[in-house]
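Both complexes shown next keep chain A, but they swap its partner, so chain B is in the first and chain C is in the second.
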Partner chain A sequence: MNVNQVAEKTRNNQVVTYLAISGIIVIAMMIFGILMLLQQGGVINLPPATFYQFLTIHGTGMIGVAALAAAAIMWYFLNKYVTLSQKILRINLALFLIGVVMVIIGVFSFEYASAWTFLYPLPALSANAWGTIGALLYLGGMLVLGIGFLLFYLDAGRAIIKKYGSLGKGLGWDVIAGKKAEQDAPPGAVVASTMVTIVNTTAITAGAVVLIMNIINVINPSFTFDPLLAKNLTYAFGHIFANAVIYMAVIAVYEILQKYTDRPWKSSKSFLVAWTMSTVFTLIIYTHHLLMDSVMPKWTLIMAQVLSYSNGLPVLVVTAYGALMIVYKSGIKWDMASGLTYVAMFGWVLGVVPAIIDATIVVNHVMHNTKWVPGHFHMYMGLGALAMIFGFMYYVAKVECNMRINMLDKMAFVIYILGIMGVSGSFLVSGAISTPRRWATHFPDWIGPAQFGAVSGICLVMAVSIFVWHFVRFLMNRNTLNAGSDFSKKKLA
Partner chain B sequence: MSVQTVAWVTTLFFMMVIVMVFGIVALKSRERRPYEPIKKKWYEARNFYGTALVVFMLAVTIYTLRELPYDIPVYGEENEPTVVEVEAIQFAFKMSKTEFAAGEPIEFHVTSSDVNHGFGIYDENMTLIAQTQAMPDYTNKVYITFDKPGAYQVLCLEYCGLAHHAMVQKFEVN
Partner chain C sequence: MKQAGIGLSLYGLLMIPPVVHFLESVMLFHMLVQLPLLIVAGWLMGGIFIGKFINFFTKWNASGIPGILLFIIITMYWMLPRVLDEAVSLWYMELFKFISLPFLAGLCLRDSWCKLKIVGKSFVYLNYLPMFGLMAWLYIDTPIQICNNYLEDQQKVLGWGFLFITICMIIYILQQVFSDQSETPNH
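For the complex of A and B:
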């Protein structure tokens, strides 16, 4: 191992720590998901309080951990083009862990269960199910967690501005305007990171405002604020933050597929325009979560449908199309990293379909808050974002230690796809038969798909455990194997 | 055909198309050909595909936005709607009226006296036929005329606390 490789490995220590923690938390959160499906399927009998605590921890944990792992991907690749602060990366992880501990204590020790959307004024008005301390621990934990991510994005923004001059230039606006040649456009990793920096800084600010107002309301119930404003702020935070996960994780697809196919994935003008469109749309389409609030100005709801449709275009016409084009007749060498990233693009596109359909006002009128909604986002997050994250974990293990994959990994790859399709499919079927989401118990007609989802979930968690075990083996061998000696660009392609 | 069935069939159709496209590209991936001619061909195809997709989405947008659940129906002079005041509260719905006649135009004026709730109307087959949010300080409206007599139910569709799943109200259409 030469000096540069040692330096890179040291830099990556934190990234692999992020990934290892994420992998373990994902498994734990999946187990909570399976328990909820078993309860809804009538297989086990949990008290409602326990079910809703699981619901709260599952939603919060999954979004949080997906964002954490995706942030690691963003840092890993963005750091190749700009100079990021390792200290901030460390602080973000520390604040994440403090926030997680506060959330866990709030939920399990003080029985707090507002779901991860904590819609005002539910944290303060629980019908005596939980008290002030539980609410404060949860809301405070979310705030601490948000501060960590805010620092992370501020640092990314600082580094991008330092290198490229402005966030606009990070998005390649000077190239779009013709002031700079296309071959000098910022790479995909920088463009995507700039987009996420813009949207998530906004999202976290909105989230912090509504969290602080909720905290004050919990402490002093005579302080009240507008519930519609609170709902707007909550979804502005929740939608953008959850959506941004895939925009960070997709950086891995750009970088990995380029290497494996030995073909360039350059930032063309259409690529840059697509990312600017995604930036704008992601910021403003959260109102599709409020389509059933007719007190919202009607034009905002119509725009929510129109822009939700439009938001599918950059993915369908540019990003996914680019992935297909780069793989087509490329002679690509398929392994876990390339396979999972390719499947992830497939999952992203697949998840777009039920999302767009649900964003149609007349459909939303009879499908909003049914299980159709988790059907869409389990497909998008599970088969899309998480597959990118696991693909990246295999990639890191390969480039650092040349970790080999075995039959078990290949089996896990197939089981993972089938498992997440089963979970998402069961949710979509449930939604199509009008099963409400977030119900601790189900009527007999709704039980079948929940049971199928639970079985699929068990398969899924087995596959993910194999993925994480591969990564743990990599960590154990990281200091002993002759890292990088067997790796070269040629070997991937 | 219900909206749910149309949504489900449409979803399955497009998902099948996506499976086919990704499958074909994966099958063709092992062959190695120069990238530049492929790029040229794919960019040309994208012009057609992108345009077709935009036109299709535009057509669907226009078609689906013709009638919206927020629009107040045009009532005849002899056919004034029955206004039903609905107040959601942890964990019940208080409705000013729970018996209706088939063909009678009804406006549900829905609010909440504590947290956010959902007001989802289910028919006898347990199919969701309309909904709105029940919010504190605001009144959302549902305009509906029940065509079929039967026993209907309102289910809470927004998580509102530990007895969320028990928040059910029945009503009759004669």
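For the complex of A and C:
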């Protein structure tokens, strides 16, 4: 191995660590999800307090770990175009782990269970369900996590500005304005990373404000603040941060499909305009989480509906269309990496439909507090973002070691799709029959879909375990198998 | 030397009793004019001290992180309403203010800022952004009088002052990251 290869392997070591930790945490979080569905389906009998602890850890953990894995994707590909700091990548992981430990102790040792939303004034007013220490550990843990991610995005922003001049140029505004030729436009990975840097820096800053406000309120409840402001800040943080996961993960689609088809994924003007539109819309549409808050200014709610329709569509359309075009008649050789990233496009397209329906004010008033909403985000995140992440894990194993896939992996691919469709479908059906979400106990009429969801979830965990096992085998054989350096040179199509 | 002279003059001006009385009579001026000006005075005078004790600063503040941490601690301390109140009521707190802000905060900021990398600078900046937002909330939203020396109306005015600074900081970031920072005209 020459010096460059050693340096690349060191860089990749960190990305691989991110992915390994993410894979294991995803399985653990899925098990909590299954336990909740079994409880709602009347199969097991958990104390309500335990159910809400599971709800808190599942929601927080899933988004956190998906963001961590997606950050690894972003770093891996963005680092090809700009110079990122490995130190910051390490610090982010260290802070993530510290934050996770604080959250876990807060939830399981001090019974903190406010759900990920930590909606003011719930952390301080728990009716003795949990105490000050539990709330402080959870809120503090979230703050530590946020600091790590903030450093990560600041470093990304720094590197993009250094190479391209400004974040506007990272989004290709000079190309849109006609000052630069289309062939000189920044690649998709840079455009997507710029977008995520902008929106997530904003989100984390909003999150830091509301977390600190909550911490002050928990320590001294006589310090109160406007609950509506708190809810706005909470969703400005939560919605944007969760939404940005897919915008980071989609970089894998751009890069992997390019490589597999041996065709360039060009950043056309329409592609750049779409990403700019999504940057703006993602920042301002979080108010669709507040459509039931009648005290919100009316214009913000109307704006939430209108812009929610438009938010995902620009990037989704250009990406889905681009994916279809790049694959069309390319003679692509399908495997787990290309298959999962491709199916993720389907998951993304399908997953936004229930969201768009829910963003309609008249529908939202009926559906928003039902399991319809988990139906949307399980499909969107599970069949969209997570599929991209697992596809990337297979890709890394192939690039680094030429790890071969076997029949088990192929079976896991099919089981994964059916499993996540089953889980999200069960939620959507529950929503359609007006089953409330976040309830530990269900009426008999509601338990059927929950039981079906639990069984689907078990299948899902089996499939994900096979994905992660493949990655673990790659880790174990990393130094002995042949490096797949020829992968980058030969055409797979 | 000229800079240190300006700093010393500013420091002297801020110590003149009528100026002290005027600035401390209005909460907004106390927090958002007097305290920052003391830091500025310390920054301006700092060049001489840093030059004189270069070995000390190189040894103890090589990365700029210890210095900036001290700066953050000092400034956070002086943002607490209670200490603002005590500075008006207690002579030793007033003395501590006139020493800590220029000679600890201002000096450390000068020595650390140039040593920090861009990520560190951005982190400090983005740390103050929500902090000022929080202070805005604290002073605008607090339903009781939190200082003995300042009325509730003055608290609210100070809160709006903090909000104004927060908004200015956001605008500054936006112009900074969206304007061309290229070293060469064409990339």
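Here, the second predicted complex is superposed on the first by the 482 of 493 C-alpha atoms of A that agree within 3 Å, B and C clash if a C-alpha of one lies under 4 Å from a C-alpha of the other, contacts with A are read in each partner's own complex, and residues count from 1 in each chain.
Following the convention adopted for this analysis, contacts are C-beta pairs under 8 Å (C-beta built on N, C-alpha and C of every residue); 3 or more make two chains touch, one makes a residue touch a chain.
What you see is a predicted model; the values in this text were computed from it and never measured.
**Student:** Mind working out whether A:366 is in touch with chain B, chain C, both or neither, as first, second, both or neither?
**Tutor:** first
**Student:** Check whether A:398 is in contact with chain B, with chain C, with both or with neither, and answer first, second, both or neither.
**Tutor:** neither
**Student:** On the A-aligned overlay, A:443 touches which partner chain: chain B = first, chain C = second, or both, or neither?
**Tutor:** First partner only.
**Student:** A:325 contacts which: chain B (first), chain C (second), both, neither?
**Tutor:** Only chain B; A:325 stays clear of chain C.
**Student:** More residues of chain A in touch with chain C or with chain B?
**Tutor:** B
**Student:** Which of the two partners, first being chain B and second being chain C, lies in contact with A:165: first, second, both, or neither?
**Tutor:** In the superposition, A:165 contacts chain C only.
**Student:** Is A:58 contacted by the first partner chain B, the second partner chain C, both or neither?
**Tutor:** Neither partner.
**Student:** Is A:289 in contact with chain B, with chain C, with both, or with neither (first, second, both, neither)?
**Tutor:** In the superposition, A:289 contacts neither chain B nor chain C.
**Student:** For A:354, using the defined touch cut-off, is the partner it touches chain B, chain C, both, or neither? Pick first, second, both or neither.
**Tutor:** first
**Student:** For A:259 in the superposed arrangement: first (chain B), second (chain C), both or neither?
**Tutor:** neither
**Student:** Identify the overlap between the chain B-contacting and the chain C-contacting residues of chain A.
**Tutor:** The answer is residues 226 of chain A.
**Student:** Can you tell me which positions in chain A touch chain C when the two form their complex?
**Tutor:** It comes out as residues 85, 88, 150-151, 154-155, 157-158, 161-169, 198, 201, 205, 208-209, 212-213, 216, 223-226, 229.
**Student:** Residue numbers of chain C touching chain A in their complex, please.
**Tutor:** Touching chain A from chain C are residues 118-119, 122-123, 126, 129-130, 133-134, 137-138, 141-143, 177-182, 187.
**Student:** Going by the contact rule set out above, which residues of chain A touch chain B in the complex?
**Tutor:** Its residues touching chain B are 48-49, 52, 55, 113-115, 117, 119, 121-122, 125-127, 129, 226-228, 231, 263, 290, 292-295, 298, 301-302, 305-306, 309-310, 312-313, 316-317, 321, 324-325, 327-332, 334, 342, 345-346, 349-350, 353-354, 357-358, 360-363, 365-370, 372, 428, 431-434, 436, 438-441, 443, 445.
**Student:** Quick check on the complex: what are the chain B residues that touch chain A?
**Tutor:** So the residues of chain B in touch with chain A come to 2-8, 10-11, 14-15, 18-19, 21-22, 25-26, 28-33, 35, 38-39, 42, 46, 49-50, 53-54, 57, 60-61, 64-65, 67-70, 90-91, 114-116, 118, 120, 122, 126-133, 135-141, 155-165.
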